[in-house]
Amino acid sequence: MKRKKSIIFLGTISSLLILIIGIFAFLSRSIAQPPKEVKTLKVGSTLPLNLGMGVETKKMLEVIVPKFNEAGGLTVQGQRYTIDLILYDDKYSAEAGRAAVERLIYQDKVKFIICQIGSAPIVAGLATTESEKVMSFVGGASPKIVSPKNRYIFGTSTTRTSIPPLWTMAKRVFPSAKTVVFLSPDDETGRARASEETQVAEAFGVKVLQVLHYPRDTVDFSSIAAKAKSFNSDLIDYPGAVAGTQFGLQLKAMYAAGFRGGQISAITPQMDEITAVASHEALEGLLCTMQGTEVPDPYPLAHEVKQDYMKKYGKWSETSLTWIHGWFAFVQAIKKADSLDPEGVANLIATKGLEWGIPNGKAMLVKRPDLGNNRYCDTCAEMAYSQIKNGKLAFVGRIPLDEAVSACEKVFGGKWR
Amino acid sequence: MTSALFTQLLVNGLATGMVYVLIASGLILVLGVARIFNFAHGEFYMLGAYATFALCQVLQVNFFISIILSMFVVALLAAICYRLIFHHIRGNLLLCAAASMGLSMMFERGALVSFGTQERGLPSVFTGVMAIGGAALPVEKIAVILLCVAIMLGLYYLLMRTKLGKAMRAVKLDTEVAALQGINTTMVYALAMAVGCSLAGLAGGIIAPLFSITPNMGHAMLLKCFMVLIVGGLESMLGGVVGGLVIGMTLSFGYYILGGLSEILLFSIIGVILVFKPGGLFGEVVEDV
Amino acid sequence: MNRRMKEVTVFILFGILILLLPLILKSPYQMHLIIMLCINIILAMSFAMLFSTGLITIGAAAFWAVGAYASTLFVMNLNTSFWLALPLASVTTGVIALVLGSIIVRTPGVAFVVQTMVINMIVVQALGQIDFLGGWGGILGIPRPNPIGPIKFVSKTHSYYLILFLLLLTIVLFYALYSSRIGRAWRSIRLNPRLAQTLGINLFRYRLLAFIIASVSAGWAGSFYAHYFGTIEPGTFSVFKSIYIQIYSILGGLNFYIMGPIVGAFIMTLMPEFLRVGKEIEPILTGGILILLVIFLPGGILSIPERISFFPKMLQDASSRSRG
Amino acid sequence: MLRPVAGDERCGLKFVMTLLETRTLSKYFGGLAAISQLDLDVYPLEILGLIGPNGAGKTTLFNVLNGFQKPNEGRVIFKGQDITGLKAHKIAQLGIGRAFQASTLFMRLTVFDNVFNGFHMNYKEGGWRSFLHTPRARKEERNIKQRVMEILEFMGLAESKDQLAQNLPYGHQKILGVCIALATEPTLLLLDEPLNGMNPEETSTVLDLLNKVREKGITILLVEHNMDAVMRICDRIVVLNHGKKIAEGLPREIGNNKEVIDAYLGADEEVDGIVS
C-alpha cells in the first residue's frame, strides 16, 4: 500500500512535469520566433499522418522541398526566397484538420497551403482559407472543392478529370465491351466518383448495370463480389477505390467469384501491396493508371524525383507521387504571377489558367462549366495507362493533355480551356 | 438464389463470423474476468497479424508455428500491459476504458511509425478451390472456419476443464470469494487479459492470408465486435458465438441481397434486438436491485 | 465568511479573465481552440451528468450530431433564423433522447455503454447514407448566426461570446440541477442504486431525465458547432469522439461534475495542439500521457489537492519504514 | 381484515386492522423455495421479531416485501392495499422503509448528507421549484436540514455529522442506516440485523433507540440473530425455517416451543439464546 502511494506520488510529479514541459514547448514556439535574415516563404500543408498515403506524401515533400531550396529557391520580383514547409497532422478528420489550418494561417502566418489530401479536412478548412484569402493547391476528390463559391482554392488532383481519358483508353483496350458494373466505397469519394463515372461510361456507349457500394473499411469482399459477378457484365470498374491492399482484396474476391472479364480502374495500384494479397491470375488484364516514373521512358522530372527519393529512403514508393501535384502547381503559379500576394495570384491563374509540369507530364488548370464554375479551378493532366501482365504493370499508352481535356469536354460538356 | 451460391455465401459468412467470434470472445473474457472494457482489443488483433507476418515473411517460419508464436507474443504483451497499466486501476471500469483508449492510440500510431506505411499481405498456405455440390468454395475459408472452431473448442476446454479456467470463472462470479479461496486474483486477471488478447492476436494471424495487414485494421474490427456484443450479450461466450455468426451471416447474405444497404439491415437487426432484448440474445437485463 | 470572500474574489478575477480573453489572445487560432474547448466542455459535462446517475455513455457525440444536423436543416431548408433553430434543435435532440432513452435507460452498467455506442454508430451511418442530409460529404456553407444589431458573428470574438454564453448557461443550469433535490436523487442513484430505491427514488425516471437534459445540452452545443464551423460531416461525430468526450471527464475527475469536464477538456483539447511539434508521434505522446494520468491520478486532475495533503504523511511513512 | 390481537393491551382494542399482511406468499429460486406459502400479519405499532436459522428466507422475505424481488405466488397487502409486485420505489413511497443487513449507505457522503438524501420523498415543493431555487423551495430545504439534525440528535449521531460514512465505526454505520430509513418517514420499518456485530453496551443503546422509534408511531419488523435482544424488545415473534412459518407467538411462548428448538438444533446455531 505504501509502495502504491509512492508510485502515485512519483507519477503525479512526472505527469505534471510532462504537462509543464508541453506548455513550455508550446509557448516557446509561439512566442520566441527568432527573426531570420534570409527571406523565407512559409508554405503550409496538412496531411493525414495516420494513413500510409499521408506519410508517403510527407516523405516525398521532404525530398523535393529541400532540393528546391538548394537549387536556389523561388525568385519573386528579384527577391530570392527559400521555402519553409510547415506540415501538420490532420488525422483525416474535420476537427483536427480545421485546427491545423487555423494554426497555419493565424499562428504561422502562411499565405499558401499545398497538397492536402483528405476531403474532410479540406472542406472543414475551406471556411477559414476563403475568408482569410489564403491560396490552397489541394488534392482531395470532393467536387465541393471546385464549387463556384470558392475563389482561393484550386483542385490540383487529377481525380475529378481522370475518368474520360481512362474510358478513352478503355474503349481501345476493350473495344467490344457493352456492359459494366461498378464497385465503389460508400463514402463521399466513392459516391461522387460512381455517379460521375456512370455519366462517362454511358457517354462512351457502355451500359452501367449496377453500382454496388461497400462500407469504406470492408476487407471481406466475397459476397459483394458474388453479387457483382451475378450481373455477368463485360467489365468491372472500381470508382473511388483506394490504391492499397483493399483494392487487391477486391480483385482477389472478383477472381474467386469466377469473374474473368475486363477490369478497369482510375487509380494507380501500389503493385507490391496488391500482389501481396492477390495472385497474379486475379490481377491479370487490369487496365489502370500508371505513374510517370514507371513508363518506358520517363520525363526528366519523373526520373529526378524517383532518384532523389530512392537516395534518401532507399525504397521507392509510387504512392508518394499521387498527391504532390499541388507543390508543382504552387511553384509555377508564383513564377507566372511573379507575386506573393495570394489574391493577385489566385485572380491571375483563375482567369488566365496555368500550365505546369508534373512527373507524369504536363498538367493544366481547366474550367468546370458542368459544375457551374467558369474559373480555372480544376486540373487535367497527361495520363499514362498500363495493363497488369503477370503481376507487373505493362505500359499501354499515353493520353496527351490535349486529348484528355477534349475527352472531358466531350463527356461533361462546356468549354474547359 | 441457387443452392451453390447459397453454400458459397454460407461458408463465407461462417468464415468471417467465426473470426468475429474469436475476437469477441476475447473481448467478453477480458470484460467478464478482468473487468476491462478494452478499446485496445482491435490493436492486439492488428499486432497479431503483424507478428504473424513478421515471422512468416521475414523469418520464414512455417505459417502454423508462426500463428502460435505470435499468439504467445500478443499474450505476453497483453500481460505486460496488464501489469504495468491496468493492475493499478483494476476494478474501475471507466479508468480502464480510458487507459485502454490511450493504449490503442499508442499502438496504432506506433505500428504505423515502426512497421512502415506499406500495407502488407500474406500468401495463403491453402490455395485452390473445393467443389462441393456445384459450389466453388475457397479452401482457405474452410481452413479458417476449421481453425476457429478448433480454437473455440480449445477455449471451451481451457475454461471448463482446467484449473485456470475454473479460477477465471470463480473470479468472474465473485472476486472476493475467489480471493478467499486462495486464488491469486492478480494472476487470474493478467492471464484473462493475456488469453483474451491472444485470441484477438490469433484471429489476426489466421485471417492475415485472407485479408490485408494495415496499422489501422483494428478500428473497424473493434466496432464490429461491439455489434457482436450487442447481439449476443455481454455475459456469455455462447452469446459471443451466436452474435458473431449472426453478424457474419447478415453481412454475407446482406451484401448479396441488398448490396450497400446491408449495413442498414445490420443496424435494423441490432435496433430490433435493442428494443426487444436490451441485454442481447443471451444476456440478462441486469437492473440495479 | 473570510474564506467565502476569498472564493468570491478568485471567482470574480477568473470571470474577468474569461470575459477579456479575446483581448489577451490575439491569435484567432488560439480563439478557435478556445471555442472548440468550450464545445468540448459542454459535451463532457453532458457525459458527467449521465455519470452522476451512474450511467456511462459512449454516445454523447450522437446527440451532438443530432443537434448540429437539426439546426442546419432548420436554417438551410426551412429558412428559420439561427436564434430559433438553436432552441428547436435542442428540443429535437430532447425528443429523440426521450424515445431512445426510454428504451435503453432501463439497462444500466456495461449494457448501457455498448448500447449508446451502437446508437452512435447507427446515427453516423444514417447521416452518411441519407443523401438529403448531405451523405458522407456532409453539408457545406452553413450560414453564421444571424446578426443582432451590430454583432455579426463573423469574427471569432463574437462566436466566443456566444459559446461562452451557452457554456455559462449550461454550467448554471447544471449547477442548479446538481444542488437541487433532483441532483441529490441522482447522486443517491449513482452511489447506491439499491438504497436509492428504498428512499422512494424512481431510478428509471430520474435517469431518463438526466439522459434528456444531457442530450439537450449536447444538442445546443451541436447547433452552435454547425454554425460556427460552417461545415458538418458524419465522420466528426464518430464513436471515437464519444470516447474522447468520456476521457475529458475522466481526466478532470469523475467526482467533479462541473469542474472535472472543464479541466479535462482543457487538457485533452489543448495538449495535442501543444504536441503538434511531435508530428507523427503526437498520438503516442498523447496516449502515453493519458495512461500516466489515469494510473497516477485515478481521481482526476482535480484530486491533486487531496493527494498533496497526504504527501507529507507519506514521506513520514517512508522515513519510518527506512528506520524500522 | 379485522383480526383478534392476542394479549396486546397497549392498543386498548380487542380488534385492530393489520398494517401488513402476506397471504400464501412464495418465492422460488430455480426449484428451491426460499419462501413458501407464508401468511404473516404485522399489526400497527408493534415490534415483530422475525427469527430463524441461516437460509430460512428472512432476507428474501424482506426483498419481496420492499419490492426488490417479485413473489412467484401470493399477495402482499399493506394498509389494505395490494402492493404485490410493485417496484421498490413505489413501495417506499407507500410507507415501507428499510435498513439493510450489510452497511448499505452512501459511503462517500457525510453522515449529514446521507440522511439529507434520505428525505427525497418528503419534499412538498416539486423538483421544478427546487431546480429554480425559489424562496419557498429554499425555505423548505432549510426546514428539512433542521429535520435531518433532529433525526441525528434523536439517534445520537449529531457529533459525527460531518464525518464520511465510510469512516464511521461499524456500530454507528448501522445506526446511520436506521437514520436514513427514518428520513423516509415510514409507517413500517424493516430492520435487517441491526445488532449484528455489536457489543452488549451498543446493543442496549440500539434497543432503547428502537423503543423510542416505535413510540414515534413506527411499526418495526425486525430480523435479528441476537436472541436475548429479540426476547427483550419484541412484542411478538415469528419463526421461519426453510421459508415456512413454524411458530408464532409471544417471546416466552417461542422460547419454550419444541419445534423452534429443534429447528435451531438442526441448523446447529444460536442454541444458547433459545434455551436460556
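A, B, C and D are the chain letters, set down in written order, and residue numbers restart from 1 in every chain.
Everything below uses one rule, namely that contacts are C-beta pairs under 8 Å (C-beta built on N, C-alpha and C of every residue); 3 or more make two chains touch, one makes a residue touch a chain.
Note that the structure is predicted; figures quoted are calculated from it, not measured.
Enquirer: Which other chains touch chain B while also touching chain D?
Expert: A chain counts here if it touches both chain B and chain D, which gives C.
Enquirer: Could you let me know which interface, A-B or B-C, is made of more C-beta pairs in contact?
Expert: B-C
Enquirer: If I average the Cα coordinates per chain and compare with the overall Cα mean, which chain comes out closest?
Expert: Per-chain C-alpha centroids ranked by distance to the global centroid put C first.
Enquirer: So how far apart, in whole Å, are chain B and chain C when each is placed at the average of its C-alpha atoms?
Expert: The answer is 32 Å.
Enquirer: Can you give the whole-Å distance between the Cα centres of chain A and chain C?
Expert: The answer is 35 Å.
Enquirer: How many angstrom lie between the centres of chain A and chain D, each centre taken as the mean Cα position?
Expert: From the centre of chain A to the centre of chain D is 73 Å.
Enquirer: Could you tell me which residues belong to chain A and also touch two or more other chains?
Expert: Where chain A meets two or more other chains at a single residue, that happens at 7, 49-50, 55, 186.
Enquirer: Which chain C residues touch at least two other chains?
Expert: 129, 194, 197, 203, 280, 282-283, 289, 295
Enquirer: Among the residues of chain B, which ones contact at least 2 other chains?
Expert: Within chain B, the residues that touch at least two other chains are 88, 108-109, 112, 219, 263, 289.
Enquirer: Which chain C residues qualify as touching chain B in the complex?
Expert: The contact residues of chain C facing chain B are 51, 54, 56, 103-104, 106-111, 113-115, 117-118, 121-122, 125-126, 129, 193-194, 197, 203, 239-240, 243, 246-247, 250-251, 254, 280-284, 286-291, 294-295, 298.
Enquirer: Which part of chain C faces chain A closely enough to touch in the complex?
Expert: Listed in rising order, the residues of chain C that touch chain A are 27-30, 32-33, 36, 128-129, 135-138, 140-141, 154, 229-233, 235-236, 241, 267, 271-277, 279-280, 282-283, 289, 292-293, 295-297, 304, 307, 310-311, 314, 317-318, 321.
Enquirer: Would you tell me which residues of chain B are touching chain C in their complex?
Expert: The touching residues are 31, 37, 39, 85, 88-89, 92-95, 97-99, 101-106, 108-110, 112-113, 219, 223, 226-227, 229-230, 234, 263-264, 267, 270-271, 274-275, 278-280, 283, 285-289.
Enquirer: Which part of chain C faces chain D closely enough to touch in the complex?
Expert: Listed in rising order, the residues of chain C that touch chain D are 176-177, 179-182, 184-185, 187-188, 191-192, 194-195, 197-203, 255.
Enquirer: Along chain A, where are the residues that touch chain C in the complex?
Expert: The touching residues are 2, 5-12, 14-15, 18-19, 22-23, 25-26, 29-30, 49-50, 55, 87-89, 93-96, 98-100, 102-103, 105-107, 119-120, 123-124, 126-127, 131, 142, 144, 147, 149, 186-188, 191-192.
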